[in-house]
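Attaching a single structure in structure tokens format; questions to follow.
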Amino acid sequence: MKKIINTPEGFITEMLEGIYAAHPDQVNYVENDLHCLVSVKKVPGKVGIATGGGSGHLPLFLGYVGEGMLDGCSIGDVFQSPSAEQMLAVTKAIDSGAGVLYIYGNYGGDILNFDMAAEMADFEEDIRVESVVAGDDVASGAPVKPGAKNTRRGVAGIFFVYKCAGAAAAKLLDLDNVKRVAEKVCENVRTMGVALTPCTVPRVGHPSFELADDELEIGMGIHGEPGIRRGKLIPADTIVDEMLNQIIDDLPYEKGDEVAVLVNGLGATPLEEQYVMFRRINQVLSEKGIKIFHTYVGEYATSMEMAGASISLLKLDDELKELLAAPADTPFFKQFQY
Amino acid sequence: MKKIINTPEGFITEMLEGIYAAHPDQVNYVENDLHCLVSVKKVPGKVGIATGGGSGHLPLFLGYVGEGMLDGCSIGDVFQSPSAEQMLAVTKAIDSGAGVLYIYGNYGGDILNFDMAAEMADFEEDIRVESVVAGDDVASGAPVKPGAKNTRRGVAGIFFVYKCAGAAAAKLLDLDNVKRVAEKVCENVRTMGVALTPCTVPRVGHPSFELADDELEIGMGIHGEPGIRRGKLIPADTIVDEMLNQIIDDLPYEKGDEVAVLVNGLGATPLEEQYVMFRRINQVLSEKGIKIFHTYVGEYATSMEMAGASISLLKLDDELKELLAAPADTPFFKQFQY
Amino acid sequence: MLQASDLKQIMQHWAEVMGRNRDYLIELDSHVGDSDLGLTMGDGFAAASKAIAEMDETDIGKLAYSAGKAMSTAVPSTMGTLMASGLMAVGKALKGKTEMDDQTVADFFQAYFDGVQSRGKAQVGDKTFLDGLYGAVGVLKADAADGKPLAEAAKRAAAAAHDGFLNTRGMLAQHGRAAGRGEQSRDLLDPGAAVADLLMQGFSEFVAGKTETVE
Amino acid sequence: MLQASDLKQIMQHWAEVMGRNRDYLIELDSHVGDSDLGLTMGDGFAAASKAIAEMDETDIGKLAYSAGKAMSTAVPSTMGTLMASGLMAVGKALKGKTEMDDQTVADFFQAYFDGVQSRGKAQVGDKTFLDGLYGAVGVLKADAADGKPLAEAAKRAAAAAHDGFLNTRGMLAQHGRAAGRGEQSRDLLDPGAAVADLLMQGFSEFVAGKTETVE
């Protein structure tokens, strides 16, 4: 296990100390608990947006707390949910009377704790809480049927949910409308990932799975959950085609649609390779007559030092375009109005 | 060699195609050569700033071309200088009458080519060109004596040179003053790196060096140049202390000084670990009475998939503080005025 | 009759059992999940035990509730939160009681089961912790009604939990990470059900030890 | 007498020699540099040769200049740019010449040496390409003045270049990446000087082959 850490046990606490020390003008913590992170700026009358989840995915989740995006985030240990109490602490701190929206990924542990927290916020604090659960990973379950439970995992596509819901809240839309926007993004975003190497949870000390030197796994989740198929390393264009076609067929994205694209590095895969992937994405989408409104490339949701990448598409309408293009200023994501 | 590429030969061209496709509103190329990248915005009367160097270091170099930073960049193959002709093409494209400043790292190949390009710009095009060569890597040579040739390599600290010189040019300072700012930053910035794993140049096909599973190398360069010492993996705080003390003693940075800090990931080292490092940097600097003006953490100058990180300190005066805090909007670096 | 002090010892014994089975649970969870179960159960029961060890409290319900709260704060993983929900539900059900007869012991585990079920909304047969505990609760209830000695009932309950665990092989996972595997999940044993198995083994060991000491 | 067509053949032979020695140069450069020298010299001389192979040009100077330009565009590494500067300097020095006698051959390599030196600003003894070429130029000049046959002079020049290369072991590197190694650099052979060695071997082979054919 080759990591720049002190001890596996202190890893997350020390990381959080680093984050607060590095960004004192943007984030702070409440109730004396480093795991309860909030924006230093609180806007009266604005819907508060909270997220949360396990560590090990920076800039997910806490990195998107700031102007134009999220208001707070509770942080768990590596790949582990924060506790309901921590979520409640964040909820109390960010509520400014307009209610709080939880946006988080579709994982059992997170659901149980956010549900517990929402109950507590309602009963103990009289704060109205709504929840939107992102499940964008095409590789992780059957297509979502209207009304049915979504069994898919939430992965990098949640960035788009944060961005659009955050912009909606910044416009002082009410809780129902911010929730509506978040749900609209969830319905229109799809993601698929590929892994080339595993990552190691510090406290476990060895990689969570093995991949041979010439192997990759299409569809692997951001905690190393099994994907769709394991196979020999193939050229970048072939990887992209396989992933993108499954994404496109799933929604489906169609000729004439306008989309935002996110190419996301899982940790060890260089930006150079992510751009090689985007080159192909751009070719395929233009062949299919799908127009790219805006492109994001970089590390948006990682698995520590895992090598690999994911592709997300978000189908846009005028409302989402406007919200996506709005400015944002967080420790990890900054965007000028475009 | 586990990479998401098509062929080693096509790697850089395809990466560049990806970049132009992803950021059409910010960057473009000239003379039909993808390796000659310029900002789409040209400001009359502004000093043009050009950089250049080998590929494999994204977001270095080309990623900093945009508003408030650089105007153009010539791009070589992996770890190889672009050609003098390519530099000249960029120079011609970005000159708007106020002259052009070259800012690049202290590597033999780059120097020879930028010198050739500067001669050509002067003789053939009548463009006044000045050059500032960054050599901030403390591990790579003896301390710089005033007037003597700096033998040190340029590494991540060049980001600060770009940022401040770019802000100076954006204020429409003249060439002599933009050069003066760039030189001031070079004199006041120091960097040191640590590597945990090698990286592989695609056309070579195997790692450029080996490090045992429990080894690191302090002071290694961003192309794998030998560092100061190789040794067993040690705790993050010990690594930071060793690097930071050498940086601090070198300038030296002293009690009462105000600095900007850059913690830079070399490629595979997760942001989490970079923040664990910053936590210790913050402790050490505050013990020494050195004040942190602003902190940057992330991947600013990489070596593809190398694991490791570097630390840079920049000593600030009022002028540099103002320039550092100015806004910038490039494909890879965005900052609101702070 | 079990007292508040016995609950403290049971919690402590469960913490030891989970600690001892750390690698076993990690291994089980690694096939289908994220390999954390050994860590979370070890830490979670240790925190629960520690939280009540020094408490000057004779109310078994309050102790169980406090143990659950501590568990939920310490290990908010799926199983951590479910075990917390179970203990907290026990707390609500047994509030005010300072002693447990054999019937109350059965109520204890029934409340635990119900707490987990209402939080996680799973059904028996969904290949979860519930499948491990279900049969054991039935045995405890039947044996208490029949007036069988607790040591014997606990031993039979542990065997039922072990069977319940083994029977998760063949079930289709409906919840958590395993559900993502679809049909592939059938071949695997459910790690959460293994925790139910360990809980009942631990309880049986505790009762056996106590019986020996008394006799 | 060598003609423009001979220069084309020399360039082609150099391209072959560098291609053949790809891994050798990579290996040498890997100890001290970035392992690219085998790639850059192979590609660079190939590009230089290709650029002039089909040119309808009898001016040796113009051919050398064009070869240098092509080299500089193809491989702008340290050695690529220096070899380009060498060839372009030859171009300037021999402009207008359509033939080379033995004295002009010596001038060719002197101009090559000067072009590299004025671009790179290194001195003999700085552990660079110059140390490989220096002795060879001296031999070519002396032998031309003495009227020795070119084949013999080229062979002796190649030997001198080889010695020059071997003698870089022990020198302290003053330029490029190797300089960063300080005293450690002494133990290593200079990869750039190996290129000078290969250039002179290649030239000697070319002349020997030509002489055989003629005789």
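We call the chains A, B, C and D, going by the order they appear; numbering starts again at 1 in every chain.
The working rule: a contact is a pair of C-beta atoms (placed from the backbone, for glycine too) under 8 Å apart; a residue touches a chain by one contact, two chains touch by 3 or more.
Quick caveat, the model's predicted, so the values are computed rather than measured.
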Touch-network distance, chain A to chain D, counted in steps: 2
Chain separated most widely from chain B, comparing mean CA positions: C
Gap in Å, rounded to a whole number, between the CA centres of chain B and chain A: 29
Whole-Å gap between the CA centroids of chain C and chain D: 79
Distance between the centres, which are taken as Cα means, of chain D and chain B, whole angstrom: 33
Distance from chain C to chain B - Cα centre to Cα centre, in angstrom: 56
Set of chain D residues in contact with two or more other chains: none
In chain A, residues with contacts to at least two other chains: none
Chain contact graph, described as a line, ring, star, complete graph or other shape: line
Full enumeration of touching chain pairs: A-B, A-C, B-D
Parts of chain C lying in touch with chain A, wherever the complex brings them together: 26, 30, 34-36, 39-40, 72-78, 80-82, 85, 119-120, 175-177, 179-181, 184
Chain A-facing residues of chain B, complex: 2-7, 11-12, 14-19, 21-23, 25, 55-56, 58-59, 63, 194, 196-197, 213-214, 216, 233, 235-237, 239, 267-279, 282, 295, 297-299, 302, 304-305, 307, 309, 329, 332, 334-336, 338
Partner chain D, residues of chain B touching it in the complex: 76, 79-86, 107-109, 112-113, 115-116, 140-141, 151, 153, 201, 203-204, 208-209, 221, 223-226
